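Next up: the structures, one after another.
Here subunit A shows up in two complexes: once beside subunit B, once beside subunit C.
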Partner chain A sequence: MDTVLQLLVESLFLGTFYAFMSLGFSLTWGVLNIINLAYGSYIILGAYLAYTLHIYLGLDPVLSLPLSFTGGFLLGLFFQRFLMNRVMNLEPFMVLILTFGLDIFIANALNLIFRADIRSIDVPYAERSHLLGPLIITEVKALVFVLSLILTALVYLLLHRTWTGRAIRAVALDREGARTVGVSPEKIFLITSGIGTGIALASGNLYGVLQGFTPFDGGMLTVKAFLVSIVGGLGRVESAVAGGLFLGVLEVFTGFYLGEGWKFFASLIVMFLFLILRPRGLLGGKYYGET
Partner chain B sequence: MGRHDLVVLAGLLALSILPPFLTDYLERVITSALLLASLALAQNILLGYTGYPAFGSVAFFGVGGYVTAVLMKDLSLPFPLALLCGTLFSGLLALLIAPPVMRLKSHYFAITTLALQLALGELVANLEVTGGAQGINLPIYRGPGGYLIFYYLFWTLTLVAFLINAYVERSTFGYALKAIREDEVAAETLGVNTLLFKTASFTLMALITGCSGGIYAYWITYIDPTSMFDPVLSVKMFVALLMGGVGTVGGPVAGAFVLEVVSETLWGQFPRVHGLILGLLIVLIVLIIPKGIWRRR
Partner chain C sequence: MSLLVVRDVFKSFGGNVALKGVSFSLGEGEILGIVGPNGSGKTTLLNVLSGTVRQDKGSVFFGGKRVDRLSPHVRARMGIGRTFQITRLFSNLTVLENVLVPLHYGGPGSDGKRAEEILGMVGLLHMKDVKAGSLSLAQRKRLELARALSLNPRLLLLDEVFAGLNPVSVREILDLLRRIHSETGVAMILVEHVLKALFQITRRVIVLSEGRVIYEGEPEGMANSEEVIKAYLGERYEAFRGKGP
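Moving on, here comes the complex of A and B:
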């Protein structure tokens, strides 16, 4: 019983992080109908940014979160303006190829700068853990959980309580309809891409605290963001939370009962089945990318 | 077939008498180019004529390679028989999954096949019979002709795939596929059994891709999950297809040779940054020539 309880807590912690991590991927897919295969590399980019700031300026990755988000926001604007805008009218699979090329490029650029060694951000609280009744709570995991929860809530507030957020949701539902009521979809695409990439880099900070990373870990993270978006549905915070928690439970339990090696396989098979049986996901609806 | 396609066919036929004049290095480059051409031609049947992008078609490359390798190693089957089994097994797998998978459209179809590719890669990395993450060592080919045999195997496969594409281009079978590509609902209304034709197209793609994987496994003699289910191979194949021209008979072959020569030249000169250049090349090709070097019907 204690084991199951411990696993459930681990699932909750990991799942909440996955929910936040995948929000950007899910948002750009839902609103822009762009599947960004370079998304995982954005996350790794964020992890290396936090790593560099920690090494040279002694900045804690939690404190550099706003920096990562801002850097990601600008990068997202740049990519949208100069790359994605040009291919949005082409067949969707061209975008898959383009972003995969981008993924190869970013991973190899990072490899050139940092080499392929596993890096980790050595925060002073890295090894600390506490006993809470029958549970063992690792400080790092708890910290990432709390931060992910706060940041996810912030994104929810942004989407539901601000004019920009409502405009983003309007564009996701109906591009032409949004245009008739005075929302410019092109501007919303830029902002959404900025926010999405910002979320990716910011979650890279958290990922870097959570575990070691190499330049080539992006692909695996993209697949995770994929699974979260497909299981939950696109573009909504509640969908990402549902998908994230699902992935958390799936990974923690298969990892424990079947072995670490089967974790990724289980995720992929579930993703395959969801795509065939229920491509809209658990909470999916009528967003642009879901038609 | 148009004039361009006949030029490509002539070039392909000329390759059969070229080996005596080739260095070992060039022979290897052309063998790789032929491999890529066979994959691009296989994908062309599906994407070019039927309009379905199987982003993870390399899944069948892996399946064909692994079935061939396991049969040769564990059951000591001779290579031709093992290759036949590998090819047929890939086709059978495609036949089974095509009906559910091909109900999906566009990028949903693309990523479903990608998920399948990655899942199968993870599966063979975990199974004992496939040697797990360590992979499989195959016996080295010591028969007559040496490694030239693989040059001719890939050449034959490419030629067969080319002829299948030429057949699709002008046959009733091909017209049905093109009807599906242009408007699936209209095709269905006009009495085309879309499910049947889509399944046939998908299976044909898988047979050629699986055969290519089987030959590759024996050629390279050592296979592991990462190299047999490599997404980079998928993307290289798509880039070759895009460069040559999707939906043309000769285009995929031309694209594969151009891409292979370009990447080999860059490979040799700047080994440290080849990944960087490959990534950049892919981005540029999608931006500059989204419709292919030649034309699109």
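Moving on, here comes the complex of A and C:
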């Protein structure tokens, strides 16, 4: 019983992180209709950014979160303005090819700079854990959980309580309709791409604290973000949370009962099942405005 | 000075010519009706004015500025609001949110209070937290009007605002349009099939047929125009009239 409880807590922690991590992917998919295959490499880029800032400036990854987000935001603006705008109105296949190329580019650039060794961000609280009744709470995991929760809530508030958020949801629902009420979809695309990439890099900070990473881990993270979006459904922040928690439970439980090697395999099986049996996902919804 | 001047506008879709040299002008605060048989180019004309479709030839001036090469969202911010034949609300945003998005561009005083005033005006204030997607057709039309009004427009383009409504709702929308006009003084162009309702609100109509203006003037004159009768009833009616007693 205690074991199950422990696994559930681990699932909650990991799942909440996955939810936040996937928000940017799901947002750009839902609003811009772009499936960004470079998304995982953005996350890894964030991890290396946090790593570098930690090594050279002694900056804690938590403190460099705003920096990563800002850097990602600017990068998102740049990619959207100079790359995505050129292909996003062509056939979807072009977007896939472009982002796939971008993924390879980022991974190899990181490999040139940092080499392929596994890096980790050694924060002083990395090994600390506490007993809470029957539970063992690892400080790092709890920290990432709390931060993911706060940041996810912030994204929710941004989308629902600010003018920009309403405009983003409006554009997701009806680009031309939004235009007739004064909103420029092109500007909203830029902002959305900025926010999406900002989320990716910021979640890279958290990922780097949770575990070691190499330049080539991006592909696997893209698949995870994809899975969260498929399982949860694209609709809303709530969908990403549902998908993230689902993936958290799946990974933690298969990892414990079947062995680490089964985790990724099991999640792929589940993704296929969802695509076949319930393509709308748990909470449904095709776009960031639709139910 | 005219608020809107349309000069010699042409538009074709492939081999299909939708507008063949349409010209007219509209004064500040004036209400104009545009009527014509199906396929005569009414909606295309409205799309050219709002910017969703770009004309092949000709020009459009609004408030003294040439606007025919500007994006729809720029024209919207300049004060051209529109509604659609099939309503295009943001269905998963609430009624209030639907108004808050354009209100951003509506000039000073663009806040929640103003949004509630506008919703009050169209009679939807009590439903402000309802999702727009769950409104009835008549309510959706009201909300589209509210959304266009939030831009603080100088010109409203209304595409078949009475279509599909029952007589009671038609009367209500008619009253609402009159109230909007008297309170804001906004100019309106109504593309309309429901002529009875249209003639109660405008003293000037334009009749389009096959992309041309075939009549311009008071509604009463329409019935005496040979061209209009021909456009609506066809050549055989002409022949029948010729043989008549």
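The criterion applied here is as follows: the second predicted complex is superposed on the first by the 285 of 291 C-alpha atoms of A that agree within 3 Å, B and C clash if a C-alpha of one lies under 4 Å from a C-alpha of the other, contacts with A are read in each partner's own complex, and residues count from 1 in each chain.
Keep this in mind: contacts are C-beta pairs under 8 Å (C-beta built on N, C-alpha and C of every residue); 3 or more make two chains touch, one makes a residue touch a chain.
What you see is a predicted model, and the numbers here were worked out from it, not measured in a lab.
Undergrad: Tell me the contact category for A:112 with respect to subunit B and subunit C: first, second, both or neither.
TA: A:112 contacts subunit B only, not subunit C.
Undergrad: State whether A:181 touches subunit B only (first), subunit C only (second), both chains, or neither.
TA: second
Undergrad: Just checking: does A:128 make contact with subunit B only, subunit C only, both, or neither of them? Give me first, second, both or neither.
TA: In the superposition, A:128 contacts neither subunit B nor subunit C.
Undergrad: Touching A:170 in the superposition: subunit B (first), subunit C (second), both, neither?
TA: In the superposed model, A:170 contacts subunit C only, not subunit B.
Undergrad: Should A:35 be classified as contacting the first partner (subunit B), the second (subunit C), both, or neither?
TA: first
Undergrad: According to the stated criteria, A:278 is in contact with first (subunit B), second (subunit C), both, or neither; which is it?
TA: A:278: touches no partner chain.
Undergrad: Please determine whether it is subunit B or subunit C that touches the greater number of subunit A residues.
TA: Partner with more touched residues of subunit A: B.
Undergrad: Tell me the contact category for A:97 with respect to subunit B and subunit C: first, second, both or neither.
TA: First partner only, subunit B.
Undergrad: Under the definition above, what is the set of subunit A residues touching subunit C in their complex?
TA: Contact set of subunit A toward subunit C: 163, 166-167, 169-170, 173-174, 176-185, 289-291.
Undergrad: Sort out for me which residues of subunit C touch subunit A in the complex.
TA: Per the stated touch rule, the residues are 50-52, 71-73, 76-77, 81-82, 84, 88-93, 97, 100-102, 104-105, 131, 133, 147-148, 150-151.
Undergrad: Residue numbers of subunit A touching subunit B in their complex, please.
TA: Residue list for subunit A touching subunit B: 35, 83, 86-87, 90-98, 100-109, 111-112, 219, 223, 226, 261-262, 264-265, 268-269, 271-272, 275-276, 279.
Undergrad: Would you pull the subunit B residues touching subunit A in the complex into a rising list?
TA: Residue list for subunit B touching subunit A: 53, 55, 100-101, 103-104, 106-108, 110-112, 115-116, 118-119, 122-123, 125-126, 231-232, 235, 238-239, 242, 272-273, 275-276, 278-283, 286-287, 290.
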